[in-house]
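Next up: some structures, all given as structure tokens.
Here come two complexes built around chain A, the first alongside chain B, the second alongside chain C.
Let's turn to the complex of A and B:
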């Protein structure tokens, strides 16, 4: 099993990248990295006037502020990460069975359910949240961590469900039956058969979910009522006030998880994956 | 960023509209509790002990955040065992909307907002919507330091305060310029008109949707009306119809000479600050002159920035803190409101390297040594002396006038 994986990876690396692929890669990296350069420079600049190419004075003031207790950036970083992780976990718990049902089975009203799941990506979240705000207030969920977590599921769930539905559409449930017939229990079947097969899709879905939750501004503000402080809220405070230095410094922190997740997930974003490959070779 | 910003703002404006709409359409049996249950100050401080104050305020300036979180928060903890939680927002309307939403949901005693930094239209929304806790001024010992005889303190944009908020800062509109680049900046609206024509592309002002853009347009309006006297009091459509065309004519006359030929206007004061910082425009203005010094210290504005008022005077206002009717920590909020009025807190705030904003208290009511402390404060060279500025202070208009002017500008000038 492990031998198969190694050979497969070697095959890919032998292929190399073609010219256009290199071009696309460079373009992609430029798009990702270039906009970050001015932000990085802003975060350490004291004065930077147009049309100067570099700042005329540098200072670590923005960073000092960001790491001070007054700014609350570090607690907000923790809060944003925790909410995004919980939202991802909940989305996976809900999205996995939902995606399986949509991907594998035909049933009456399936189109309607698909439309309903897609709805949050079509209907602006603010419209839904406005109505829910009153409900949340009555339930005592407004201004609480759980309220914000639940409201984040609105924009994150569609991504998870749709990705999982796509994964299960190409999934053959008969291998589960085979495992069961060989004596595996439901948990063993899930862990050793289903999970490895859907893992790449699950990871991509989780990546989307995490980043969508990570970048929520208006829903957090509305339901959190200012008491659940996430990084986008702090970032926007300074962006709208024209404080490019502090905005730059908070942005640098804000992009960290995205970069880390992208690097970790990059292996699985290729569409080929070792798990299904090795399954086929069994 | 500017596009997003205007989008967010319009979202909030619409949200507020929706909230007001729902509050009107589905009135819930929420009666504002404006009665004061405390007999004296000792009652208040003992009830406040161990309490928490969630203070919602604009969070876009690190120096103000430091002052509030570190100085005020620290002192409240030390003196009264009160925990201050500063909640940074982009727009005061966000806090108003939270209280509106809570009232709509019938949450009348467990609200999440204990104090708001507020004035103008937001105060009007809250006062008229019975969203405020009122009638507690006589309890606050430091209320004696406030000169309530001054109409610009007793009225918030033309609306009587009625013990529904406590003054925090005084602000008065002023212009700023880079003394290294501009030798003779225009000192009146009529000079400005000529100056703009002689220096095409060097001036612009934010759209009327911006707080500061709107107050600039009001200066032109005052000029067209020959002074503010005719405009004071309730909105008068007949007066408006006489004066407005003159004001629009002036602004339209300037338009082709503005930055980008007046095709577009900055949509926020931060954008005008950026244009001034980048030397794309030669003049900047702000309702709070302290910002000139702050921006120089932050490296946004050049060191040679200087500021001035207009010969005909500039519009001044007071900004306040208010306690929502459904705050569960009213006693602690009153202690906080009282503390920010104290000579110590106002002095700390007046320091140029802390904030540099003009005190809301009447310095002449202080004991001699405190008075001297204020008078000997060094001023940032970029910030005009507030005392000199306030000699020619013009009153703010009733919010209905302001709305009409803002709407008229959109229809007659922006198009």
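Let's turn to the complex of A and C:
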């Protein structure tokens, strides 16, 4: 009987794929990769008119433009990176203690607090940003770097808190007490004991947080008012203006951090609910 | 008791920020939608904005359009994701490469996907050229419109493209936690593959699938850039209409924009409560 169970179990998972399953899988994967291909080809094409299946002439014109000092792309790349870095740093500073509280302690009202922290990741940013716009305008934050940075914290902070809560749930605070009893101060304890233990989780959380800020479009557009120009804003403009070659080149740059993250963190991603769920923001 | 204070101190910076910015933004949106905007010199409170949008065809068409897009893409993405997860949980040659490719667009921003869909499905796009090559069409305009079209096919294709891996990964993670014992038991009791899936695996997966679908629905209902790039002008999707009203030179349109924002927020709040119920009751237990 137990033997039969084992064979049947292997039936489910170890027998490779049947022909139709392979076909469906290949079809699905091609569909998932397909939209990225014309972007790459456009970025190196010089002329690619209907009905040509492949470009009739290739050139690096779009890439030369993107990296030239006169184009807006490099400043936008710098701006996007800087905003994402600052948003990640602030989210880590504010979110780490909150993650610790949620991961290590049980307290009354915890469920409500978790829900409150989860909510900004699900409520569409446009609903919140439309309401905040007037206040930002009055505080002189609209159209400024700081305004955009602050508004980006709405989607990035909850994400960092949720990841850190997961990290601290598997953390043993006893070793801190031991370090303290051996004479370490709070800063020393954090630096030499806590930080090394949570560092892998903190890094993964930071990478995702960076990507969440990196992907924001409508929040930047509404609060930045077109004066804070990030890569997605440029991408949208070039795409609607029909400059397919430059759009393709910007797209290739824009997806780079995500692909790098996936290569670095693929192991951590698979089978981890919290990490996957966070990607809904991107 | 000491712990209570510790928890409060640890939580307060994050809570202050979320309450101040997130709840504050929603609150300002709410009073603004009621016409109360002291910073713009309006202080009366009324339901005029809601009355006005609820009486306009433009809003109804936009609302129905957005609902149709979100509903259709969530259903299609969920079905495909279940199929994908059933295949990907097996062991087969090249699984790690396939898994990587399956995940690749999780980190690709929506906007990039939208541009990719545009270049594939527009009337001068790749598939149109392919159709010309096989002499199915004589000119670009013969190719069925899938971008800026009344059925919003391009937008739905983009959402399905982006959300299948997202739902699929959540399902795969869920499947890992159940293991295969239940199915194996069902199979040893004589259930065939389909029965094992239908009566054992699917009920186990349902809470996780529903939770993921709620998130996807809420996201697609409030997303701006994809319908702005791929959608038609009329009826525009609700977030696009809200943005247009908000940036209208006529300041009287602002309360209407905020009212539409509130409607989007209320809908997503319903989704969050559903999500919280589902995850608390099944997934975390």
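Definition applied: the second predicted complex is superposed on the first by the 213 of 282 C-alpha atoms of A that agree within 3 Å, B and C clash if a C-alpha of one lies under 4 Å from a C-alpha of the other, contacts with A are read in each partner's own complex, and residues count from 1 in each chain.
Rule of thumb we're sticking to: contacts are C-beta pairs under 8 Å (C-beta built on N, C-alpha and C of every residue); 3 or more make two chains touch, one makes a residue touch a chain.
Please read these numbers as outputs of a predicted model, since none were measured by experiment.
Considering which of chain B and chain C touches more of chain A, the answer is C.
Judged by the touch definition given at the top, the superposed model places A:35 against chain C, while chain B stays out of reach.
In the superposed model, A:153 makes contact with chain C only, not with chain B.
Looking at the shared chain after the overlay, A:181 reaches neither chain B nor chain C. In the overlay built on the shared chain, the residue A:226 is in contact with chain B alone; chain C does not reach it.
Residue contacts after overlaying the shared chain place A:107 against chain C, while chain B stays out of touching range. In the superposition on chain A, A:21 makes contact with chain C only, while chain B stays out of contact range.
In the superposition on chain A, A:138 makes contact with both chain B and chain C. Residues common to the contacts of chain A with chain B and with chain C across the two structures: 50-51, 126, 130, 133-134, 137-138, 217-218, 221-222, 236, 239-240. Note for the complex: chain B touches chain A at residues 1, 5, 8, 11, 15, 18, 22, 54, 56, 58-62, 65-66, 69-70, 87-90, 94-95, 98, 101-102, 104-107, 112-113, 268, 270-271, 273-274, 277-280, 298-300, 302.
Within the complex formed with chain A, the chain C residues making contact are 3-4, 6-7, 9-11, 13-15, 17-19, 21-30, 32, 37, 39-40, 80, 83-84, 87-93, 98-120, 124-126, 128-130, 132-133, 140, 161, 164-166, 169-170, 172-174, 176, 180, 183-185, 187-188, 196, 215-216, 218-219, 221-225, 228-229, 239, 242-243, 246, 257-258, 261-262, 264-265, 268-269, 271-272, 275-276, 280, 283.
On the chain A side of its complex with chain B, the touching residues are 45-51, 57, 59, 65, 68-71, 126, 130, 133-134, 137-138, 142-143, 217-218, 221-222, 225-227, 229, 233-234, 236-243, 245-246. Of all the residues in chain A, the ones that touch chain C in their complex are 1, 4-5, 8-9, 11-17, 21, 24-25, 28-29, 31-39, 42, 50-53, 94-95, 97-98, 100-102, 105, 107, 111, 113, 115-120, 122-135, 137-138, 150-151, 153-154, 157-158, 161, 211, 214-215, 217-218, 221-222, 232, 235-236, 239-240, 244, 247, 251, 254-255, 257-259, 261-262, 266, 269-273, 276-277, 279-280, 282.
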